[in-house]
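Dropping the structure in here first, questions after.
Letters A, B, C and D mark the chains as written, and numbering starts fresh at 1 in each.
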């Protein structure tokens, strides 16, 4: 609507410059309602020109000026306590809602509003720790984003070589699990035996929100190399019986905490099942991003304490010490792990056991150490298989000594697994892991039960 | 995702039938999270099959079962009162938000979710008065719809003869200001000197939310007939200098109270200004839906009391009594108004004065009687002109003795007009109405000032 | 390219007005090559403004000025006769091709070129008989259209209620088999148990070339009424086992003689077979546009001579004479046929026999009398069933006393049927018609063989 | 239509294998008409599986079996000679048209037909010289392609970073003037101060036919480096006053000889003029692909004979001999041209003169030596400027010692220039080149006029 309000905005600018405080108050005022979109546009444009210090001031203003009125809350709370009914509850509800939320909604009315607000939250989250506390602003943004980015408003789209370069370029940029090394690499990931799907939101044009890369395979793949190699031969899709989800990436930092991944995986499973009736198995091939750090962190009493390490390695003590030419199995292990790819034979079994322990037992702040495991297990997937040397790329060796893991999605057990995991922290493992799982449990809890 | 969860849903149905209480609780539970979309789909499908009594039960359940927990609110309120800070405010905020809102958000995650929820609210609003009180459910739906149908998520589209019949058919159905008499009538309204624009929401496919019909004209049109006539000659658009907004319609009852009209008009003004540089004047030609009722309502002390009627008609008393062959001017007026089209000459002037009084002075429950006036004036438009016999179609005569009114949108004064109207109830009239306006004021307030 | 050549065209216009002879010669000249598209545009625009007499002059000029040079043909022919090889053949080929063809190709280079040329041929074909002979121009247009409208360049599109009103309106206009009575009628023809498909050409935007209407049914429908009735209940498409092609219409007169129908029917059969695996039978329900005329034409010695009529009616003589209360069966027949719907019982059998005779035996100028039969039979369809009173709408009674006929498309016999029909005029009838067919043959050929 | 004709095709295959002779004869036969598309599809599929020797056999068969019947031509020619009228001309026309053309038209009716036929011609043109003579087949294909790829059927599309990677990848492959070095290079060529346009044909999906790359600049650019450099700063498009066409590429060898370039350039000029009112100058920056070969070819008596070389270099003799430390200016020139970039100062002037001579005077087989010059001059452009060292990339130095040339498109003179060039071989040069042009003419023609 620029033309229509050009004069108006020129007057405003003449009077107040591009004073964001004024603009925001005006946008929330009765007077400003008549020109809401124009004011919102002005705020959006002004924000786009701000540098970091200006943005800090702006965040500060948003946090101080547009919070709810404590006096009003006190009054409404007292009123509710006196007579708790629909009316007083409504009044209390209104009193506690920060005017900031309405301000954000109004900023969203103009062109590029959503984009700007998502960027604003990204700026907020990127602030160095030690910055002022803007958590109320962050909470309001997140609250609205969870509503606006409801799965019902997202559009699943297949990404292929027919997709625009503008979007494909963003995949290259956003892929952080298995870096895409330029266009030929991307091209291979979009061929006949690969699939890529993304969620888009109507207000964010040409901007994927989250995407997942899938490889069609025969059987559950445990080795990433054939999936990632640009030269890998293309499998005729009618020969595939399994879909391997090997990379899932959130694209926009500003949407952190708004859950999409669960929906995306399940929707893509449904799409693939419809397109390929032969594909019956759906599994990930996932990284363990903090396994090596976890293993080395002897300080964490809920993690790999020396006693637990010894117990876990007991079965492999001989092989390790012989190979490392040292006396202590733990010391031997760490010695060999300095170049794990040179000791695949001897390391494979102990690494699988340790990884299983890490994924199912090790905790930090009461939670599983591994965020990827947490994600898939709370989606209802089960721990299917642990693959020593499934990811021997440098970052894989660095993060997890090359270990990769399959989480498998079985419709029939999703609800049960999810509930068990969320309520009791119980983790479903495949039957082939059961015996190993018992060994891990025994070692972890030690002779006296819990360590 | 049907295929994927088919088994799961069959199990559920076997266990619980299509028990909506169970489904909704399950959808909100931790266990249900893993199969959210499938559960939401089940709820949506079940709702679609409900008849009116079943729906009533369902609404009741939603109102009773998913409201906030009073004890929790009491606790959170007390805590906040003890120590009002961001944390306790957050907790209070959480406590007052009805779980119903999250339930509604989750229902929205499945296909046709938004459509179903909008229909659900329509069913709610259509309940006969005297039904149980579902206002808390209505409030939750409205709250979410205001967020979801934020103008930033709406898409303006031009409706033309190239639009699909599916959508055009809906215009015919939804047009309630000036009924569209079949396809030839619609066709005329989409020719070169007409424009039609609608807002669409991405989650409601092929479903216009609100639309406006515009006629391009030379000068501000005061007579609807040439605008509505199917045979009216088509004006070459380069000859037009004015755009007349002659009909604006909300389409979905379920979105009542979510404001779109203000945004639509202003956006369309901007679109037209960009397409036709020669068009400088933007005005409506609007109905006065309750003018005849208001004029006849002698009981309303803030309306047309006998004293006010007499005073307003004083200048025309002679003409009226002569024409009606009666003694009393008021009685004469109502006599002539029984067939107003037969007495155009004598009625034109008094009708304009009375309509001006009705639009600017008459109040009911403290508000202007006329909702159309309230809408445009609060958008910042001004009262430009009153046209006796501007709408002589039967429904125009019935509602307003044929009077139609122009509200004019002038960018430079929108904010000022809006603020004056919203804060002080002051109404901006065009200079050509000023003198008449004074006469109305004098007559309305009477010899002793306010009546 | 208007802007670019504006000056040039203004110069041209200044010099020569809009002299079509000059423009066409210029477009074909070397000089004109540099501004081909602009010149073509000028010709197109000028043509659009011509009235009928001007068009006649233009056609005349095209016929006289742009024909091949006889002297050149003579030379090239002589040369070829002297030494028939690739070179002399090429030269002869060039000599016989009218420069008009290249002119037409160049006119086609500008925007709306194809549209204009198709309209031009329509104007040509619409000339009253007795007009000058423009057959060489017509032949050139038809030659190029056959090449340009090659099936490989046509796009099949489904027409539905989601199609634009602009296109749907054209269906209403172009439907000539079973008139569409306004939008509700059209709407019924596009519901779930109906299909409509059209061919489009990329150069003719929003312009269907030919379309076919299909009804999904249980069994081969012999009665049009349930297919055409606006109130007919909608059949769930999964219950259908048959597709009835009940109307096929060419849209553009200017494309007369360019064959599309054969391609369209077979493509639609393939589409339907893919969409509905349950549908195994594909049949038309077709009109007999000249049956009543043929029956009454006693002059045609290859048609219904009195002797043949008598022989054909011999089996029904008693019933007819009783019902008509006359002595002569033929006279009785024609008497009853004055109001055939009042005598359904007695007329059904003789009408079927007569229709079968008409469709398979009656000839005019050596060809089958019935163009619809010729079309489907030469497509390879077979004569499946004759339905007395299958079309009792006034135009059906008028054209064929209410008889309608099913032609059935069976992939396995298409080639054989087509070849038999095209080479030997032999017509394949269904087994249920065989006995009747023999009776017809016997009656037609008479006691002495051929009549 | 595969499903529909599956049985039929299986029968055919059973009987005849995939015998192309049989399939083609069948497709042209009456019998085959009923299943045209299916037969065409079979031919297309069979062709796709052929290796080179098989293709040769196929071409041979097409050339021998589907040519016109000489006897019929003789008859028709004789008939025409006896009585030359529309009928006999029509018959002669029919007799000389090879059945091959109808066969090709029928092959085109099936899916991927056009694509296959274009590929077939590419295979034909790629045959090693010395292969059998298939010129009649080539002529038929070219004849039909000129009709089918009429400019009226082409769609101009802008290529941008929002275009699909599938199409962009083809630009990289087809660009042969200034190689695109991967995606970042391509990306730069699609930024705000660049434009790329292509023609597409509706039957060739995702397949550009020809494309042109344009740089927006201030003034006529004479140096390619800033246009091609990936790091070149982006010019704000409102600052540009000139559009430089720096690369134009035909994509499909199979369409050789079908003219698109002239149309494309003029259409793009019109598009740019509409988008950027500030851009008034349209010029190329073009290569001279055979300049260095031409200069060195002393054998061509219509080219750079020693006498002409001496005369052309007379003005620069001193500088050249000093720089080269040799006695003879021509010898000096060629010595310096071994590393032209090291002698820019001394070579610039003589190179410009020689290039002008090459572009305007040198001929081979009666034609200009330079095909790029021929293309632009016959489009009506003029020779604007010669830029020594305008293209110092290795291939530029190799082909033309770094010389590049601007051809300028001026609407007002296009027709005149085109006609002069086509009829009399006269070349329009810009006023700034006039004096140099005279010097070249004098030197070229020598003391005795023409050499």
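Here, contacts are C-beta pairs under 8 Å (C-beta built on N, C-alpha and C of every residue); 3 or more make two chains touch, one makes a residue touch a chain.
Quick caveat: nothing in here was measured; it's all calculated off a predicted structure.
Novice: Count of steps on the shortest touching-chain route from subunit B to subunit D?
Specialist: When the steps are counted carefully, the minimum from subunit B to subunit D is 2.
Novice: What chain lies farthest away from subunit A once each centre is taken as the mean of the Cα atoms?
Specialist: Using the mean of the C-alpha atoms as each chain's centre, the farthest one from subunit A is C.
Novice: Using mean CA coordinates as chain centres, what's the gap between subunit A and subunit C in Å?
Specialist: 62
Novice: Please report how many Å separate the Cα centroid of subunit B from that of subunit C, as a whole number.
Specialist: Centres of subunit B and subunit C (C-alpha means) sit 52 Å apart.
Novice: Between subunit C and subunit D, what is the separation of their C-alpha centroids in Å?
Specialist: From the centre of subunit C to the centre of subunit D is 42 Å.
Novice: Subunit C: which residues touch two or more other chains?
Specialist: In subunit C, nothing touches at least two other chains.
Novice: If we count contacts the way the header does, which residues on subunit B are in touch with subunit C in the complex?
Specialist: Result: residues 161-166, 168-169, 182-183, 187, 206 of subunit B touch subunit C.
Novice: Across the complex, what residues on subunit B touch subunit A?
Specialist: Within the complex, subunit B touches subunit A at residues 1-5, 7-8, 30-37, 68, 70, 73-74, 77-78, 80-81, 84, 86, 89-90, 92-93, 96-97, 105, 108-110, 113-114, 133, 135-136, 139, 144, 146-148, 150-153, 155, 202-203, 262-263, 266-267, 269-270, 273-274, 379-380, 411-412, 414-419, 422-423.
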